[in-house]
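The first chain written gets the first letter, and so on, giving A, B, C and D; residue counts start at 1 in each chain.
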Amino acid sequence: MPPIAGKRLLALIFATLVIGLIIGYSTGYYVGGLGTPQTGGVSERTYTLGVTFALSGAVSSVCVQWEPVVRMAIDDLNNLAKSMGLNIVFKPHILDDGGTADGALKNVQTLYATGVRIVIGPALSSQVKAVKAFSDSNKLIIIAPCSNSPALAIRGDYIFRTQPSALGESKALAALAVQEGLKSVVSFHLNDEFCNVFAQSFKKFFEESGGTVLYDLVYQSGQADYGSDVASLASWVAKLNPDAVFYCGYATDGANVLTHAADEPTLRGVRWLTVEGFYGASEVLTHKVVDFARAVKMIGIRPVPITNPLYDEFVEKLKKYGAAPTLCSENVYDAVMIAGLAVLRAGGSSDPDVLRRALIEAAKTYYGPGGWGLFDENGDRLQASFRLWTMAFVNGTYQYVDIGHITDSNIVIEKKL
Amino acid sequence: MIDITGFLINWLEYFAIYAILAVTLSLESGISGITNFGKVAFFGLGAYLGAIINTYLLLAISGVDVVKAPPYTAEGVIALIEISTLNPALVLGVFTLSILVSFIVTGVFGYLLTYPIIRVGSGFVGFTLLCVGEVLRGIYVNMEFVGGTNGMLGIPQPFIWLGIPMLSGLCYLLLSVTILALTYIVTDRILGSPLGRTLRSIRDDDIAALCLGKDVPKIKSKIFFLTSGFSGVAGTLYACYVSSVNPQMFVTLVTFNVWAMIIIGGSESPIGAIIGALILTLIERILPLIASLNEYLPFTPDYLRPVFIGLIMTIVLIKYPRGLISMKPPKFIKSAVEELIREAS
Amino acid sequence: MSKEVRHILATRNVSKYFEGVKVLEKVSITIPEGGIIGLIGPNGSGKTTLFNIITGFHVPSEGEVLYRASNEFIRIDGLNPHEIYRLRIVRTFQLPRLFHSLTVIENLLVTPVGQRGESILNAVRWRTWLEEEKNLVKKALGILAMFNKLEIAFKYPAQLSVADIKLVETLRGLMANARLYLLDEPLAGLDFATARRLLNFIKEIRNSYNVTFIIIEHRIDLLMETVDYVYVLHNGRLLASGKPDEVIQNPDVVKAYVGE
Amino acid sequence: MEIYRAILCSYVFSWIYILSSLPLTLSYRTTKVFNFAHPIFITYGAYVVIIVNEVLGREIPLAVAVFLAFVVGGLVSLISHLLVFKPLSYQRVSSNVYMVTSMGLWFIYQYVLYIVCQLLTRRYDVNFLSYSTIEYKDVRFLQDVLGLNSMPQYTITATLIGVSVGVALYILFNKTVLGLSLRGIADNASLVAICGVPINRLVNLTWFLVGGITALSGVIWVNFSGSTTPDLGLNIVVDNFAAAFIGGLYSLPITAVASIVLALIENMLLAVLNYYFGVQPTVRIAIVFGIVLAILVARPPMGAGGGLPYRFIKRVSRK
């Protein structure tokens, strides 16, 4: 039997390949012309920083707040370069990966192909894992602003993370819980790497310092509604009678969970502790939820150093860009800044090893809104002091307010809950 | 300057993996009439099998204690990276084994699904299989030893020991394209054979086919064994390429992506499936470059990418509702018959 | 019917209920080998249901269906349709069920059982089935040629006239080398000449291959010329049976057809 | 066990599922299009309320919200039909082509919404990509009058919308000529066409109703949930599909029952499993789809003859 249309198939594939090549080549030429470092005469050199965020999908409500942060950081970098008399102009190339591993990998590959050598993002640990192999083999530097998975704490790779490790933060939160006189806790968190890590390490440190985590209730991400999970939580709280609930979730699910919890008398009778998961999310700031937060004396922790004027400046400046600080937004800013400083330090070189060394060096001397930029040997950021926050009605609006801080030596709660 | 070679290798790798899925989907859905909306179930199962074998087995053979350093922790990943660069023969051997195992296991899984397929009737098969895919995803989320919701990391790419990323990428691409070619040849041969005729008759009217002595469930299960097996292999290829798996990778959207490929390409011909895969993966790759226009738009330009993809899908299908490549009856029979007619007259 | 005639098929007290409604009630018929048997009756009398039970489409609620496979009778009710087909019992449908994406010739080629090229392993190696395929093509063309329909060989069912569709449906049954044919209204829609030719062809097949036909037909005039024996069903019950001319004169039958 | 909230959630979800899966079945029956863009009607219904609410300064009454959502959902649905499904139907394509085309439509609508949200976010300085609850002033007023202040507002909203849509549909389909011809089209379009009914106009009307009614579940949603995102419809839709398929894409009563069962499984069953058996709610997907799968296999939608007349286990042995 003659194979069906073998020649025609070959011809078609070939034709498509050629067309693809032509399109790719021309687009690439155009983009490449705008993008990568060019040693072109008198005019300024453009350096493109790749960005891949989950601008759509389940965590998009957080990530869209990062986009203005990136623009602000790029503007700051350009001002810096100008003031230093360098003729380098930074430019972001922002792509949406929809929160999927597949999308992140495609974006990173596309960015790499257009000559980008430093990528900011992706947001989730699962996405960082998916791009790790590509980053390692091609020596592409990835600066993940919000990933805290311990499985990614790998020495000597090209992945850097500006989100401090969850360990220190959970330890501080456990200490806070002990100081507040909380003996037993029911833990309630999203089944997502970010929150799993927090829940596990909080449990470890809290039990080391004498408390008990009575039950660990995990709810599945990516659902429309979490009302039944809140009902389960209420059941456990009623049964086990803990002193507090430890909660971790992001903005979208957090708003849903807290709105339901606010209706639940049982859950109003215990304290609530949380991390920075839904910090800054505007949808959480309703009358109902803020009232609930006041009733349960909710305290959250977040990895922003105390007395850091840079952070307050960052928040003020961000307002002009039409965004509010959310989960990890200071880390996004730091990631872009460190990347830019590394490029400047490396003199616009695109040699990955030079860039990587420059990045580590630049981070050592960088101090930004998220604190000191220093990376540990795994390429993860170190952080030692934390801020405490809650939600309150201040100056006629509902706001996230800082109420204290935690350092190595002491826990200070400045404002009365 | 744009890196054309790297771009091509990455794009074609995705293309090869998705084209395997598309060709098998066109065989089972376009030709045999099993409306498979659960393609991702087999893809994901293959990926997870590949991930498990290529990590656990590799670690165990190399003498690493997988209980103390399971592959979803940093220790396991570091050990895997070491092994994969130092011991090429072992990595390749385990990889080959994983391909075979995932072909057989995924195939048998597909074979066993024949019962619900026949039971619920052709109109509802699609949704039944979609449910299967979702159930599997729900199971991965709750399985601790594959990392649960965190997934697994560090699955070695079998050619990583070559050291040069472009070369190892090229080798892997070659391997994937070989498997694609194998899938295509098998599909094409089946299509032109009496079996292909029987399959099309089953798709047209399974009751009439049953009354004409075709053991419809058995034929469907055999075909489903084959296509599921190849989808499983595609999954393993994908897992080793991305070198990580997590449950969120295997959502139903992947299935619909493959469906879009075969519908746009022409659902009854494997060539159409390949062309569909080529077009859609290329569009996905090319469109991000538009994002460099971002200074002129008041919103994130990358949001336009799915809008464009949607527009292309809709317009192409309104223009060519039967796909770009339409099916022709097998040439061989036509020529044989014409010859006989000439002889007769 | 004399006693030395070998019977090929018999139903014994077959009844069928659909959700409590009795469609067939204790129908017992016997079919002699090599006969052409007519099955007539007004609409809704249960003829097609009886076909469905014989061909394994439905399981009878009561009773059994016996079939002479080689030398002994076996019970075939409860077998699946394709297993019954493999016992060389072939049926056609009242509303033609041609495969619309296959050409006429392919529609004919698809019928023979156990083609070599139907297994996956053989399908990918085309040399294993090519010879067999050529023989089948020859046979199919032969059948088409007999009706001067060679020109429709490469047409799709959608391009055929109603009469041709009907004809192909019946020819598809004849392609299959069966011992027992169950034809459900083969003549509906055919013009007189073609219908006559088809019936003659059926007779010819019967004579040369010693096969058996059961035919459901409303065109009684044509049917009676051909058949040896007739069963009449009415309201799910066997009303009468006998040679064609006897049956036509049976007052019960006339009453059933003409009405009260 | 604190079952009160689970009951409330099941109740509201039952209405949300019913309001979105019944139109899905209706649109399939009438036009034989299985519309993957269906979830977009829910999302658009919710978002039109959110946008108008924000622009007008958070004072939107339920009546206005219902009207707006109905009109916008209906128009989106009608436009999809006129621009895409109708041209396709002239070409007599297979149902798979409809499905893939509707996926393409879904992409377009979904990301256009993202773009609109982003533009609005920049204009109004409120995060539209994730929006908090809306309280309906007139429902609040009603609660005050009737003394139902202890009930959560969303139960009242859901009941109001659900019951009135139900009554309206009942009257439409059983008491009016228009409704009768709509039902006729669903069952046998060509027969109705012979009777001189303007089929085209009625199909348009069906699409409008389908989109409009589905959008109303979005109106309930923004009152119920603490957060609305453009992915809202996507998160709900698979359950709608499940309900519609269990109903065989034909039977409206079974679809409604299936919606309620699914709502109960997702809310009550998981809470019970968690509390009494210690099963984490992460098994949600596996349990829900496992049960749907079991229902589909145990009771094939078309009745006993759902599949082939093929018996895996032979009832009668050979003699």
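In this text, contacts are C-beta pairs under 8 Å (C-beta built on N, C-alpha and C of every residue); 3 or more make two chains touch, one makes a residue touch a chain.
The shown structure was predicted, so the numbers you read here are calculated from the model rather than taken from an experiment.
Novice: Of all the chains shown, whose C-alpha centre falls nearest the centre of every protein C-alpha atom combined?
Specialist: It is chain B that sits nearest the middle.
Novice: Which chain's centre, taken as the mean of its Cα atoms, is farthest from the centre of subunit D?
Specialist: Comparing chain centres, C lies farthest from subunit D.
Novice: With centres defined as the mean C-alpha position, give me the subunit A-subunit B separation in Å.
Specialist: Inter-chain centre distance comes to 32 Å.
Novice: What whole-Å value do you get for the distance between subunit A and subunit C if each is reduced to the mean of its CA atoms?
Specialist: 72
Novice: Centre to centre, by mean C-alpha position, how many angstrom separate subunit A and subunit D?
Specialist: One centre to the other, that is 34 Å.
Novice: Per the centroid of Cα atoms for each chain, what is the distance between subunit C and subunit D, given in Å?
Specialist: 48
Novice: Which residues of subunit A are in contact with two or more other chains?
Specialist: If we look for residues of subunit A contacting two or more partner chains, we find 1, 55-56, 64, 191, 220, 222.
Novice: Residue numbers in subunit B touching 2 or more other chains?
Specialist: Residues 141, 149, 185, 189, 192-193, 207, 210, 216, 300, 303, 305-306, 332 of subunit B each touch two or more of the other chains.
Novice: Give the residues of subunit C touching no fewer than two other chains, as numbers and ranges.
Specialist: Where subunit C meets two or more other chains at a single residue, that happens at 57, 80-81, 126.
Novice: In the complex of these two chains, what residues of subunit C are touching subunit D?
Specialist: 56-59, 64, 73-75, 77-81
Novice: Using the touch definition up top, name the residues of subunit A that touch subunit B in the complex.
Specialist: Residues 1-5, 8-9, 12-13, 16, 20-21, 23-25, 27-32, 34-36, 48, 55-56, 64, 67, 92-96, 99-102, 105-107, 109-115, 125-126, 129-130, 132-133, 136-138, 149-155, 191-193, 196, 220-222.
Novice: Name, in rising order, each residue of subunit D that touches subunit C in their complex.
Specialist: 309-311, 314-319
Novice: Where on subunit A does subunit D make contact in their complex?
Specialist: 55-58, 60-61, 64-65, 191, 217-220, 222-225, 227-232, 234-236, 238-239, 251-260, 263-264, 266, 281-286, 288-289, 322
Novice: What does subunit B use to touch subunit D in their complex?
Specialist: Against subunit D, subunit B makes touches at 29, 35, 115-116, 118-124, 127-128, 130-132, 134-135, 137-139, 141-142, 149, 206-207, 210, 216-217, 252, 256, 259-260, 263-264, 267, 298-300, 303-307, 309-314, 317-318, 321-322.
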